[in-house]
Structure formats: structure tokens, C-alpha cells
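Across the two complexes that follow, subunit A remains constant while its partner is subunit B and subsequently subunit C.
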Partner chain A sequence: MTPIIDANVQPHFRYNAEIRRYLPDAHKLRSIPDVEQQWYQAPGGDYRQDLYGENYPGSDPETVSRHLFSQGVDYAILNPLTRGNIADYLLNSRICAAVNDWLLDRWLEPDSTNRFRGTMRVNPEDPKGAVAEIERLATHPKLVQVGVPMQSREPYGKPMFEPIWEAAAAHGLPVAVHINGGNGVDHPPTFAGHAHTYPGYAAFMPLNYFVHLATLIVEGVFGRHPRLKFVFADGGYDILTPLMWRLDTFWLSMRDQTPWVDRYPSEYLPGHVRFCSSAFDGPVDAGKMQRWMDFTGKSDLLMYGSSYPHWSTSTPGVMAEGLDGPQRDKVLWRNASELYGLAVRESAL
Partner chain B sequence: MVQQVPTRRFVCSLDELPPGGMKLVDVGKFGVGVYNVHGALYAIVNYCSHEGAPLCLGLIGGTNESAPQSPDRMRRVRDGQIVRCPWHNWEYDVTTGQNVADPRRRVRTYQVDVSDGEVYLTA
Partner chain C sequence: MTTIERVESSTGQEDEIAVTIVDTDVHPLPVSADVLMSYAPAEWVDKIWPTGNAVAPVPHFYDTPDSYKTMSLRLDAAPPNGGIAGSDPDFAAKQLLLDAGVSIATLEPMCDAHLPQAEHVLKSTYNDWLADVWLDKYNWHGRWRGSISVSAQTPEQAAREVERWAGHPYMAQVLMTPQTRGIPFGNPHFDPLYEAAARNGFPVATHLMGQTPFELIPLYPVGNPAHWHDFFASWPLLYVSHLMSLVFDGAFDRHPDLRVVFVEGGFTWAMPVMSRMDRIWEARRGDLPHVRRRPSEYVREHVRFTTQPLEDTDTVGFREYLEMMDLGDNLMFSTDYPHWSYDSPTYAINRFPAEQRERIMRGNATALYGLPATVKALPGER
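Up next, the complex of A and B:
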């Protein structure tokens, strides 16, 4: 059986107030937003309706293990959500630290299966605090990447963020960007403003990754940090190709404005960029999948991510539909195995 | 199609092509631009390899390269030898015919020589 690495799983608090146990005393009385508190929500809740119970979906490690590992998943990368950007950036850095301590306490340290790996959350609106958090946790063997929200008040190629990326790269930690927010300290979710209803939001919000990606290339961040890697965890890999064509075309015309970009922008992708799959991505006709994956070398960039327990959860079988053998191996485990240094079971090969 | 045999032809006197100047010669299908770059002479076809614009009508100047220690992270180099296509701003080095961004995209170059103060182009 093919090995499988699920590169995008959301572990949750059992209940919203659980986070408070991990906050320092100075902040325990502060009002902080709940998860699932934003305007754009899926009907019936953001998570699989069969998983709501006394506690939040995705909040019990044993249940999550059973759902994932009994279905052939070898490793799961946990991508916990925080409360997104909030106006008090110092408090938000403490919330990130609380989420990290909770992830270690409830998920990673008690995990006897050794199949969970985690994302440490940092707050990009507090670059000094974010670097300090990376330094605090970087040597933990089960924390394999740094996580930041897709929502940001400036694109991630801007210079104020660079110390964070530099710290992550120095420790060999990829930076995972995941939609996380909705509390008001955000830009509108589409390039042209606020979507009317949830489908407009859900279909187009993931595409904001491209603004981060374009600035990381064009402002020279990838060029200055050869070890820096970004993972865009909400999908959108399928529109990467036409957007990179545009960036390459403009570079040919106006390279002299950013002369540190010393190769076609698309040539930065293999060394610096990965995507997690999403149920919204790809051609509706699976017969077009193989060919489209090979444009822009996307077969080497994409990692299967279930988004469990999100309502849009996708299975490895559905994700791999239409792929040829080598593409399937890359997407289901090989790309993630290389990025996170995870050796898959020999018996699985 | 019959390939035209390259012929050495008179362009102008050297006085008429001072450093920084360009003479467009009506030869072949698109013409050839003869450039004086700081006293040395070069020639490229007047046809951009991108979409066929009259390349030699573009601005001649320098280009920028990365200079990480400089406050604006760049410096001006190759002054007087870079032509910018008038349509889409592609840059070419007239001394080599190579595109600055992607040297594999090039334009044709030609032999130029000076004899008794007269400029000759072989095209």
C-alpha cells in the first residue's frame, strides 16, 4: 500500500475556553475571539457535521488517530489555528505561545504513535515576538514548521517580516501559511473586496497566497534566504501556472527594477514553495489532471492535505484521482517526506 | 528563400557616429543598427526577438544589477551598451546581442569595422 502523509490536519481545543489554561496570568481575563467566530461560515458549521459532539471536532487525539491512521495515513502534520490577527499584537503573541504549549501538552508529547508532527504558531504582526517564539521551540523534534495566517495587513515579502523568515530558515523550518482569522484585523478576502456569501469567500480566499508568494520572490526574500521554504496550506496550486506565467512575463520586461531576481520567478518554486491540496482545486475532469500537474512542475510542489476535520475534508483516493504513478507517489507522500524529513514505513514501499 | 550573402558596405564616416550614437542601416528585411559604445562599434538587427518590434529605435543606456550593500540594493552598470525595446522594455546588450534577463533569447549581431575614418558593416 502507498505510504500517505497528510500535510494538513487541524487539531482543535475541546472547547473554546481551553486555551485560557495555557495563557499567562496577566492575560487570563482578556476577551479573545472564539474559533468559528466570523461572518463567512459553512452552513451547519465549518467542520464535518458528523464530528460535532460534546467537544469540538478534531479535539480528541485518539479519535483523530483512529480516523486518519486506520485509513492508511502514516504521518499527520498538525496545523492548529489561533484566533487570527487581533488588534492587540502582544496579546496575540501570547495566544500563539498558548496554542503551541497546548499542542505539545495535549497532542505531541503524549503521542505514543509517533505519527503526529506539529506547527508552531507565531504572530507576524509582532516580528520580535515571533522570532523569540521560534527560538524557544525550534529544537523540539516534533515541531516541524512555523505557522502564520494567510490574512495579513502587508504581503509577506515586505521587509518587516524578514527576520521571522530568516529565523525559520536558520532552523530549517518551513513556514506554513493557512487561512486563520476573520476577526477584523484583515484585508477583504478577495482582491476586489468582500464576497457576498460563503461560496465566494471559500472559492477565492485561498488565492491570496499568490500575493505573498509574488512578493517573496520579487522583493528578493527567497534569493536572500536559500533555505527558506513556504507551504501554502489552503490549496490553490491549480491556478499557480497562469499566475507564474504573468510574473515571468513581467520580469522579462522590467527585470531592471528588481535586479536581485536573477532568474525567471517561476524558477524559485522548486527550492522554496510547496502547496497542500484542497478539495476545491484542480480540473473537474480528472482526465486533464496529469497534464495540468506537469505545467510549472506542480507535481513536485503538491502535498496531500486532508483539512480534517474541516467540512471540505478530502481523502487520499479522491486527491490522487487522475494522477499517474509517479505523480501519485509525490503528492501522497514523497514531497512531504522530503520537506519534513519523515521516513515512511519500509513495508509501505 | 534565397539567403542573402553578407556584403561589406559603407555606413557613414566615423565623425557621424560619435560615442553614444546609432545609425540605422537599410539592409535586409528589418534594417541593422550600428552603435558606437564608448568608441567601439557594434551592430544588431533592428528586430526584437520577442514580437518583432524595431528594437534599435529603443533607448540606449545602462542596466541595473543587484548590489546588496547599497541602500537601494542595486547599481547602474554596462552604461551605453543596453538597448531597451520600445514596445515591451526587453533589454539587450548590443555588444553581444544577448537579452539581459535571459541570455538564451538573443538578437543577431553583425561585424563592423573602421577603415580610414569610415564605418563599414558586413550584413
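Up next, the complex of A and C:
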């Protein structure tokens, strides 16, 4: 049986107020948005209907273990949400720390299966605080990456963020970008303004990763930090090929302005960029999947991610439909195994 | 120095030549601000052009290479008789029609203004100028086609502007900025305009207005890049946003005859975006009761894309991608003359799969705009 690493699982608090147990006294009575208090909530709920029950979806480690591990997943990377880019950035940093302490306390330290790995959340709007949080937790063996929101008021290639990425790279931690929960001070989610329907939001929002990616390349961040890796965890890899072609097209002309970009932008991808899969990427016709993945070498960049317990949760079988054998291996476990240094079960091979 | 022969009107004796290449993105400019202003209502002149810079040179928020010198224009497109590139219709005809071999070209003036009334008056002024200069005085050959520029901020006035030009022999389409101040294209705000355009058989084209006197850059959802390079590569996402809105917000259901042309914003993204919309639609049909058909079907029926700037990846792979995308009925060749990132017809044609070439270079535009099969030859053209 093929090993499987699920690179995108969202663990949740049992109830929204649970986070307050992990906040310092000075912040316990602050007003903070709930994870589900989003501008664009899915009608009917953001999470799989069958998971609403005794426990909040994704909140019980036993249940999550049963759902994932009994169905063939070897490792799951937990990538918790925080509460949005809330205006008080110092409070937001405390929220990130509380989420991290909770993740260790509830999920990672009690986990006897040793199959969960975690993401430490940091707040990019507080660069010093984010670096301090990385230094506080970087040596924990089960925290394998740094997590930041997709939402931002400046793209991640801008210089104010660079100390955060530098600290992550210094510890060999990839940076995972994921659409956050909660409710922050954000720009409208599409280039044309606010979406008028939930599908309009859900279809577009993941594609915003490209602006982060383009600026990380053009501002020279990847060039200066050879060990830095970004994971775009909401998918969107399907639009990578056309937009990277466009970025490549004008590279030579633009070198006067950005001489430090010393190779085609797409040449930075293999060493610096990974994606998690999503239910919305890939051709509708699975017969085109192999060729589709070959453009821009996407099968070396993509890692299976279920998005459990989101309503759009996808299974490894559906995700890998149409891929050839080597592509399947890369996407279902090999790329994640290399990125996170996770050795898969011998028996699985 | 080249001299351009000034032809006043058709002799009726010119050869008719077959239309083989239609260029769907060409940028004319008024030869001077004074000329443009002479078409403006007198009471508006001081209000629209407080600094007098209604025509280039203009400062850009995002500058292309050496733009202080080039103004993002082809240096060799500067007319030998003076003026800036794109301001001399006869020289443009020589360079683009005669030398490059374009049969018919669609003109898309770039202009925008912040205040709603100023936007309307400015665009209406451009229409009068375009119709008089390019579509009449310098159009004895009938090979220039025009765009009716309309204000995105005042759709009722835009609809009346469309009506004003209905029946004009050379106005081919409506042109609207995609920088709509936070209102996506599928919003009913635009319904009066769409209705007027569809009723009169005009497609609605949209073109990035990145280099206009009145810069209106869209706010990127995760903040704006610092350089033209990453800014311009991301910019297709503005069209993706508008396209998703048109489909999910039901504009094509409300306006079955509406046709939309996305100019200069890429087109290879249509493959993943169509599939993405189809997947979301399948999963969330309950949220979209008004969207009756599969999203990709709306794109195939209602949307066209122009091809410049063609992406610079290996030709074999690019053709293979276009074959897989299978949008040969929806792509229309364009040069972007006289801008710096011009694609020549000879470069472009080789990039397309053989089976799609004729449609992309000629057929799709001819069908969309109702263009003739032959045009008058220019002096020396065969």
C-alpha cells in the first residue's frame, strides 16, 4: 500500500472560548473573533456536515486519528487557524502563542501514535514577535513548520517580513501560507472587490497566493535565503503554469530594476515552493491530469492535503486520480516526506 | 526620412485584398492635448485636464524598462513627421497594416478619470475624437475599427453613450476599464450598460488602464507588489476576478447576448480557471441557483481573449497546452501596437497550433465584430 502523508489538516478548539485558557491573564478578557466568524462562511457551515456531533469538527484528537490514520494516512501535518489579521497586532501575537501552546498541550505532546506533526502560528504584522515565537518553539521536534495567513495587507516579499522568513529558514522550517479563520482587517478578497457569493469567494481566494509568490521571487527573498521554503496550503497550483509563464516572459526586460533576480522566476520553484492539493485544482477530465501536472514540473511541487475537516475535504484516491505511478508517489508522500523529514513506514514500502 | 503619403479619400480604384489578420488591440493617441480638448464640452476642459496632461507623457505607478525615455512605447513607432507613437494614423497604417500585414485593427484608446462625471465626459470626448480622426478623416481604407469608451462609474450614461454610436459604420465594440473601484463585472450595477451593448450587438471589451493620465491601480487583496514585473504578472487575476463574478453573479444569464473581451490580460489561465469554476459549481450548486449552466460553457459562449503578450515558454509545449485548453474559438490575435511589448503577426502565428491559427489570426474576430472578407489595399500593398 502506498504510504500517505496528509500535509494539510486543520485541528480546532473544542469550543471557541477554549483558547482563553491559553491566553495570559492580561488578555483573557479581550474581544477576539471566533475561528468561524468569517466574512465568507460557507452556507451550511464551513466543515463537513457529518463531523458536527458530540465534538466540534476536527477538535477531538482520537476522532481525527481514527478518521485519518485508520484510512491509510501515515502522518498528518496539523495546520491550525488563528483569528485573522486583527487590528491589535500584539494581541494577535498572543493569540498565535496561545494556539501554539494549545496545539502542543492537546495534540502533539499527548500523541502516542507519533503521527501528528504541527505548525507554529506566528503573526507577520508583528515581525519581532514572530521571530521571538519561532525562537521559542523551533527546537520542538514535532513542530515542523511556521504558519502564516494568506490574508495580508502587504505581500510577503516585502522587506518588513524578511526577518521572519530568515528565522524560519535558519531552523529549516518551511513557511506554510493558509487562508485564515476569524475576521481581520483585510483588503477585499478578489482583485475586483468583494465577492457576492460564497462560491465566488471560495473559487478565487486561494489564487491570491500568486502575489505572495511573485513578490518573494522578484524582491529577491528566495535568492537571499537558499534554504527558505514556502508551502501554499490552499492549492491554486493549477494556475501556476500560466502565471509563471507570464512572470518568466518579462524577466529579462525587467532586470534593470531587479538585477538580483538572476534566473528565470520559474527556476526558483523547485528549491523554494510547495503546494498542498485542493478539491478545486486539476482538470475536470482526469485523462488530462498527467500532462497538466507536467507543465512547470508540478508533480515535484505538490503534496496531498485533505483540508480535513473542511466541507471540501478530499481523499487521497480522488486527489491522485489520473496520475501515473511516479507522480502518485511524489504527491501522496514523497514530496512531503522530503520536505518535513518524515520517514514513512517500512511496511508501507 | 520616410515620408508618408497622405491619401484623402478612396479613389474607388484600389485593389480589394483578402482579410487575413485582424489585430484586436491597437492604441491610438491624440496628437496633442489641445486636439483632444477641442472635442470636449467647453465647460469641462478645465475640470478634466487641470494639469493639461491629457495625453502622454504621463508618470506611471509601475514603470516599464526605461520608461522615462520610452513611455512604454516602441521607439521605432514614433512618427517621422513628429508626435508620439500612435498619434499619426497614416504612419500607423504604414507600419502596422502595410509593413506588418494587419488587415483590420481594433483601436482602443486608454483614458480614465477619478470623478464619475469627469470619467464620462472624458470618454465621450475620446469617442468624438476617435470617430472624427481615426474612423473618418484617416479611414479612407476602412481598416480602422473603433471602441466606444464608456464610464464604468456611470452605467446609465454609459448606456446612452453606446446608443449614441449605435449604427456607426466603424465602431466595433464598447471599451470599459477593469479598474471598477471595487465593483466586480457581474454586479447588476453594470446592467444598463450590458443591456445597451448587447442590444446593439457590441461586445464589451476591457483593457488594463495601467498607463493612463489618471492612474487607478486596483488594490491587490494581499497588498500591491513594488515592481511592474510582479505587478503585471499578477494582473490577470483582476480578469479572473471579473470573470468569476460574471459567471457566479449571473450576468450571462441576465444578458444572453452579452459578449466580453478580455484584452492583454493573458489567456492560458482560462484552462485552470474554467475547470476551477466547474468544480466549485458542481460542489455548491445550492448556493448558485441562478447559474443554470456549467461555468465553462458560459466562457466558451460569451468570452473572448486577446493574445498579446504571448507567453515566452517553449513553442512546442505552448502549442500542446493550447491544444489541451481547446479554446481555439475564443482567442483573438492582438499586437498591442505601438506599445513596447508588441507581438508581431509572424512571431505570434508560429506559437499557435496549426489547427487553431486561422481562427485566432482572423476568424474569431471577424465573426465577433462582423468584419468583411476583403478590404481596400493601401498604395504598394499586395
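As a working rule, the second predicted complex is superposed on the first by the 345 of 349 C-alpha atoms of A that agree within 3 Å, B and C clash if a C-alpha of one lies under 4 Å from a C-alpha of the other, contacts with A are read in each partner's own complex, and residues count from 1 in each chain.
Quick note on the criterion: a contact is a pair of C-beta atoms (placed from the backbone, for glycine too) under 8 Å apart; a residue touches a chain by one contact, two chains touch by 3 or more.
Small disclaimer: the values here were computed from a predicted structure and weren't measured.
Superposition of the two structures on subunit A leaves subunit B and subunit C fitting side by side, clash-free. In the superposition on chain A, A:D238 makes contact with subunit C only, while subunit B stays out of contact range. Look at A:D262: by the touch rule set out above, it reaches subunit B but stays clear of subunit C.
Once the two complexes are laid over each other on the shared chain, residue contacts for A:W251 go to subunit B and to subunit C alike.
Once the two complexes are laid over each other on the shared chain, residue contacts for A:A26 go to neither subunit B nor subunit C.
Contacts of A:F204 after superposition: subunit C is touched, whereas subunit B is not reached. Annotation for subunit A, partner touching more residues between subunit B and subunit C: C. In the superposed model, A:E154 makes contact with subunit C only, not with subunit B. Of the two partner chains placed around the shared chain by superposition, subunit B is the only one that A:G220 touches, whereas subunit C remains out of contact.
Of the two partner chains, subunit C is the only one touched by A:K288; subunit B is not.
The gap separating subunit B from subunit C at its narrowest, counted between C-alpha atoms of the superposed chains, is 5 angstrom.
Overlaid on A, the two complexes show subunit B and subunit C touching the same residues of subunit A, namely 251, 253-254, 256-257.
Those residues of subunit B that touch subunit A in the complex are listed here as 50, 63-66, 68, 73-74, 88-91, 99-102. The touching residues of subunit A, counted against subunit B in their complex, run 220, 224, 251-257, 259-260, 262, 264. Considering their complex, residues 42-44, 150-158, 186-200, 202-205, 207-208, 210-212, 214-215, 217-219, 238-239, 241-243, 245-251, 253-254, 256-258, 261, 265, 279-284, 288, 291-292, 295, 312 of subunit A touch subunit C. Listed in rising order, the residues of subunit C touching subunit A in the complex are 64-66, 178, 180-187, 218-230, 232-234, 236-238, 240-242, 244-245, 248-249, 266, 268-269, 271-273, 275-281, 283-284, 286-288, 296, 309-313, 317, 320-321, 324, 341.
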